[in-house]
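Structures follow.
In the two complexes that follow, subunit A is the common piece, with subunit B as its partner first and subunit C second.
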Partner chain A sequence: MSGQGLSPSLETRKPLKSTWNSRGVKHSALGLLMVIPSFLLLLFMIVVPIVTSIQESLTGNDGQFTRDNYKYLFTDPAMKANIMYTLNLTVVSSVSVLVIAYLLAVFLRFSTGKLAKWIEKLYYIPMFIPSVIATYGIINMYGNHGWLARIMLHFTDAPFMKVLYDYKGLLLANLWFNIPFAAMLLSSALSGIPNAVIESAKDIGAGKIQIFFRIIFPLSFKSMLVAATFVVMGVIGSFTAPFLIGPNAPQVLGVAMQQQFSVYFETGIASACAVFMFAICSLVGYFYIRNMMKEER
Partner chain B sequence: MTAQVQLSIQNLTKRYKTGDGVSGISLDIAHGELVTLLGPSGCGKTTVLRSVGGFLEPDSGDIQIAGKSVLHLPPEKRPTAMVFQSYNLWPHMTVYENLAFGLKIRRQSKEQIREAVDRALRLVRLPGSEKKRPGELSGGQQQRVAVARALLLEPAVLLLDEPFSALDAKLRSELREELREIQSAAKLTMMFVTHDQEEALSLSDRIIVMNRGNIEQSASPQEIYDAPQSLFVANFIGRMNMLNGTADEGCIRLNHLELSNPKELRGEVVVAVRPEDIRWNDASLPGLAAVVKQVMILGHYAEITLLTEAGLVRMFLPREESGQLSGGQSVSLTFTKLTAYSKSSI
Partner chain C sequence: MLSWYFKRLGSRKIIEFIIFALFIFFFLGPLINLALLAFSGKWQFPAALPQSWSLTWWKYVLSQPEILKSIGLSFLIAIVVTALSIIICVPAAYAFARLRFPLSRWFLFSFLLTNAFPKMGLYVAIAVLFFKVGLMNTFMGVVLIHIVNTLMYMTWIPAASFKSVHKAQEEAARDAGAGPLRVFWNVTLPMALPGIIVASIFTFLSSLDEAQGTFMVGMPDYKTMPLIMYGAVQDYPATAGAVFSILLTLPTIILLFVSRRFVSADVMSSGFTMK
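Coming up: the complex of A and B.
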C-alpha cells in the first residue's frame, strides 16, 4: 500500500489519516475476501487430505499409532514389485515420451515440408480425447481380436503378441497421453529460438551436431525440464489406462492403491501408498523449482 | 588497382519468387579494401552479402575468395565471417563462451583461446566483460562483442549487414570510427551493407550504389558525391537540386542561362546541382534570375530557398553570408559545378 494522499497540512492530518486508514482496511478486507475461496479450496482439497492420509497411514486397525503400513508397503513382495514396476514404467515412459516429443518438435521446427505441416495440425488431437475413450480405442486396436490382430491374421497364423494387460500396453498408453503436450511445450520453446542465432553459429563454423548440442539443446533445456516434470507427474499418477489395460500383477501404484482401498478395505495401507506417491511427486517438484530458480539467478 | 583481388563476384543472379532479387552483379574487392553496398531497402544489397556468406544460394554466377570459388561451400566452411544487424549473440553463453565457441570448433588450445579472446575484447574496448551474458550488455556493447567474435576467426572477408542501424546516432558514429581503425590496422577486407549514405561516405574506400538489383555506380566516396553517374545516384546521395533544361550543340539552356555541355547531350535534360555549388550575385549580373523565398539557419550554415525561372532551388551558404539575403530579394545565380542527365535515360 502506498502513501498516496498522505500530504496533508498539519490541521487536517488526523481526519485524513483516519479516512485513509478506513479505506485501507476496506481494501485489505476486499483482498482477503477474494483470496478466501482459493485458500479454502487449497485447504480442504489438498492440505487436509494430506494431513488425514499421513495420519491414517500411521494408524493401525486398532486405532493405535503404528509403522506397520509403511513396513508392509516396503517389505511385502507384491507391494515391492508394484513400486518397482511403477518406477520402472515411469522412468521408461518419461524418457521415451521426452525423446520422441523432442525429435518431433525438432522436426516440426526445422522441416518446411508438407509432412511437417500435417503433423503440426494433427499432433495435439490426443489431448482432446477423454482418457477412457482413448483407452477403449487402444483395446480396439491392440486387443486379442483388435484391428491389428485381425489384419495380421491375413499374413500369419501365429498368435498376435500380447500388448494389452502388459507393460507394453501401458507404455503405449503413456506415449499416447503424454507426447502431444510435451511436444507442444518443446516446439514452442524451439520456435522461440530465432533462425538468426543458428545462422551466426553456422557462420563461425559450427556443423549441424555442434549447433544442436551447443545452441539448440541448451536454449530449449528449461522447457525440457518443465515437460519432464509434467510427464513424470502424469505417468506416475495415471489410473484410467492401467486400471483398464494394465496387468493384474504387478500393478501400477495408482491401481494398487485403489484395490487396497476399495477391495481389501485396507485404508491404512492405501494411505501409506498415497503418501509415498505424494513424496515422489514432491521430490520431482523440488527439483523443478530448484532448477527454475537457478536459471533465474 | 594493383592490390590483389580478395573477393570476386561474377555475374551473380538471385531471383526470389516475388520477382525481387539481383541480376548480373559483378564486382571485385581488393585485399584490405572496405567496400560499402549502398542502396534503398529492397535494392538487393543484403542478397549479395548473404550470397557471399553462404546463406543464400545464387541462381547463377560465381563467388571467389582469394581466387577460389566458394559457391559449393556451406556457410560453416566459408572463410567469411558476418556481423549481423541484430547481433545474433548466443544468449545462454557468456561473452567469453560466445567468443571462444568458434575457436573451440577450430580445436585451438585453451591458452591460445584465452589469449585470443583477451586480445579481441581489448580491441573492441570491452575488457573485463568475459563473464557477462549478452542480456546484461547494452546494444552497442553487444555489437562490439559480435564484431570481436567475427574478427577472432580471422576471416578472409568480413561481412557486415547494417551492423549499426539498431544503435543511436552518437554510438553509431563512435563504432564506425572504431571499426575503421580496426579495419585499417589489420588490413581487413570488408564488405559493408548499409542504407545510410552518411555511413557509406564516411567509412568506405569504395561505394557501390545499388538500385533494383543492379549496380548503378562503383566509385570512391568523393567521386560518387562529385560525379554521380546516373540520376538515381545523384538523387540518392546527398542533397541535390534537379532543374529541367534543354540541350543542343555546345550548351545546355536553363531558360536564359547557358551552361557547358561536356557530355554532348541532346534534347530534354535534367541539370543536377548541389546546394553548396550555387553562388549568388546581384540581380544585374548575368545568371539564373531568382527571388529569395526563405532563409533558414541550420547551425554553422544556412539553407536558402529560392524561386527561379526553372523552379525551386535550395542553396547552402555560410551563416555570416546568409545575413546579406532576406525574403523577397532578387538575385542572380550561377553554378560552380553541375551534372546533366538526358531525360530519355530515366
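Coming up: the complex of A and C.
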C-alpha cells in the first residue's frame, strides 16, 4: 500500500457524506481488500468444515448416501445416554454459572469495600489459566487424597465425598471455568449504569428490590443473553475437563465425539455428532447474532 | 471478645469477608495447591501442608527432553499465530471502524460464526476437512486452528478501539498537513494500541494454552505444552505435574502483570459484544 493511493487532495477530502465519488470507491475497494483475508480464513475454517461434516455424516463407509449415522446417534443406548447427560449438565451448569456470576457482578458493582476491590483484581485470573492446568489443580484439590480431603481430616472423620470422575466434578469445573468470564461481561454492563439513575430512583422512593427489577436487571439483560450464549457454547463443547475428570460412562458429547474420531475412526458418527451439536447451538447462536445486529444499528 | 469484634465490623463487612473467602477458596484454592505442590519435597497423605520443601522436581522436569521440546514448539506456534493474526485482523478491524464498504455489516457479523458453534464439534469438522486436504499433523494445520480460535476477539477488540478514537483528532492532524499514513501511524494507532495489545496478548495466551484443537489435528508430531500436560496428568507424580503446570502458567502471569494497565472488563467485553 503506497501512501499516494490513499492520499486525497484537500478538495476531495471535504465532502464526507457522499459515498460514490472517487474517494468512496477507493474506500470500498480498500475496505474489501482489508477484510477479505480474514473472511477467506473464516470460510475455509468454519463454513467449509461444517458443510463437509454434514456431507460426511450422510455418507456410509461404502460412499453411498445413508442415514445410519444419525440412526446410531439417536438409538444406540450409550450414545443416547451421552446426549441426555450432556444436555442435563449444560442446562444445570449454565443456569448456576449465570446466577452466581450475576450475584458476583452486582456485588462488585455496588460494594465499596477493600475486599471487593481485591476480588475485582483477582477474578480475571481463572480466565487466563490454561484449562489443562486448572483441571489438574482441581484434581489435586478435590481428589480422594487431595488438599481438601487432607484439611477436612483435621475437622471430621467422615469419608470425603467423591467429586472427581463424577457429575459433581464436571459441574464444579464448569463453574470454575465460566463464572469469571460471565461475571466480566456482566460487570462491564453494570458499570455502564450511571449512579445518577439509581440515586434519582431512590429519591422518588423506590426500594432496593424495585430498583433492581425496574432498572438494574433490564439494563443488564442484553449482556446476560451474551453471557448465556457463550457459557452454553463453552459448556456443551467442553473437552479438557470431561476428558480428564469426567466419568467413563456416560460421557460428555465432546469426549464421545473425539473417541469416535480418533480411537474408532468412525468419521461418519463423529460428524453426525458434530452436526447435532451445531444444530442445538445454531439456535442459541441465532438469538445472539440477531441481538448483536439490532445493537449495531 | 470475638462477638464484640464482629459487631463493630458490621454485618456488611462480614458478608463481604465471607464472599471473599469463598472466592479465594474456590477459584484460587486449586492454584495455590499446585504452587505448594511444586515446591514440596515430601507431602504424605494426612498432612495438611508439605513436610519438607525442595526443588528436586524442577530439576527432573527441566531435564526431560520431551518437555523442553514442547516448550520451544509452543512458543514458536504462539509467536507465529500472534504475528499472522495481527497481519490478518488489525487491517480488517481498521476497515470495520473507519471505512465504508459494501456488505461491511455482513462481514463483521460473519466473525460471530467462530463462536456460534461448540469448539469440539467444530474441531471434529475441521479435522475431517484437514484429512481430505492433507493438513492433518502439519505445522500449518495447528497454526490455522489456533488463529481461527481468536479471529473474532482479534478483530472486534481492535475495531472497538479504532472506533473510540475521535475523528476530530485525526482531522486536526490532517489539517495541520499530515498525510493519511502519518495520521494513522502517529495519531490513530497509538490511541488504539491498548486494545490491539490486549487482543494480541489474548491471542498469544490462547494459542499457548490451546489443547483441544491441537489434540485433534496435531497429534502425534505437534505435542505442545498442554498436550504433554494431558499425559502428565496421568503418568507423572503429582509434584512433577505441578512443576510443569507452573512452567505452563508462568508466561500467562508475566504477560498479565506487564499488561495489567490495559486489561479491563470494558476492553475485553468489546471482543464479545457490540457497543
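By definition in this document, the second predicted complex is superposed on the first by the 249 of 297 C-alpha atoms of A that agree within 3 Å, B and C clash if a C-alpha of one lies under 4 Å from a C-alpha of the other, contacts with A are read in each partner's own complex, and residues count from 1 in each chain.
The rule is short, and it goes like this: contacts are C-beta pairs under 8 Å (C-beta built on N, C-alpha and C of every residue); 3 or more make two chains touch, one makes a residue touch a chain.
Treat the numbers as computed from the prediction; the structure is a model and nothing was measured.
Novice: Quick check on the subunit A-based superposition: subunit B and subunit C, clash or fit?
Specialist: After superposition on subunit A, which the two structures share, subunit B sits beside subunit C with no clash.
Novice: Return the chain, subunit B or subunit C, that is in touch with more residues of subunit A.
Specialist: If we count touched residues of subunit A for both partners, the winner is C.
Novice: Under the stated touch criterion, which partner chain does A:I236 make contact with: subunit B (first), subunit C (second), both, or neither?
Specialist: A:I236 contacts subunit C only, not subunit B.
Novice: Once the structures are superposed on A, label A:L87 by its partner contacts, choosing first (subunit B), second (subunit C), both or neither.
Specialist: A:L87 sits against neither subunit B nor subunit C.
Novice: Contact-wise, after the overlay, does A:D203 reach subunit B, subunit C, both or neither (first, second, both, neither)?
Specialist: The answer is first: A:D203 touches subunit B but not subunit C.
Novice: Which holds for A:A249: it touches subunit B only (first), subunit C only (second), both, or neither?
Specialist: Touch partners of A:A249: none, neither subunit B nor subunit C.
Novice: Classify the contacts of A:S131 with the two partner chains as first (subunit B alone), second (subunit C alone), both, or neither.
Specialist: Once the two structures are laid over each other on A, A:S131 reaches subunit C alone.
Novice: Name the contact category of A:I151: first (subunit B only), second (subunit C only), both, or neither.
Specialist: second
Novice: Give me, in Å and rounded to a whole number, the least C-alpha distance separating subunit B from subunit C in the superposition.
Specialist: Checking C-alpha atoms only, subunit B sits 16 Å from subunit C at its nearest point.
Novice: Show which residues of subunit B lie in contact with subunit A when the two form their complex.
Specialist: 53-55, 74-77, 80-82, 84, 86, 88-92, 101-102, 105-106, 146, 149-150, 153
Novice: Looking at the complex, which residues from subunit A come into contact with subunit B?
Specialist: Result: residues 194, 196-197, 199-207, 210, 214-215, 218-219 of subunit A touch subunit B.
Novice: Could you pull out which subunit A residues touch subunit C in their complex?
Specialist: 3, 6-8, 13, 19, 24, 27-32, 34-35, 37-39, 41-42, 44-50, 52-53, 56, 104, 107, 111, 113, 115-116, 118-119, 122-126, 128-142, 145-148, 150-151, 153-154, 175-176, 179-180, 184-185, 187-189, 191, 222-223, 226, 229-230, 233-234, 236-240, 243-244, 253-254, 257-258, 261-262, 267, 270-271, 273-275, 277-278, 281-282, 285, 288-289, 292-293, 295-296
Novice: Which residues of subunit C touch subunit A in the complex?
Specialist: 12-13, 16-17, 19-20, 23-24, 26-31, 33-34, 36-37, 45-48, 88-89, 91-92, 94-96, 99-102, 104-105, 107-122, 124-129, 131-132, 144-145, 147-148, 151, 155, 174, 179-181, 205, 208-209, 211-212, 215-216, 219, 226, 229-230, 232-233, 238, 241-242, 245, 248-249, 252, 256, 263, 265-266, 268-269, 272-275
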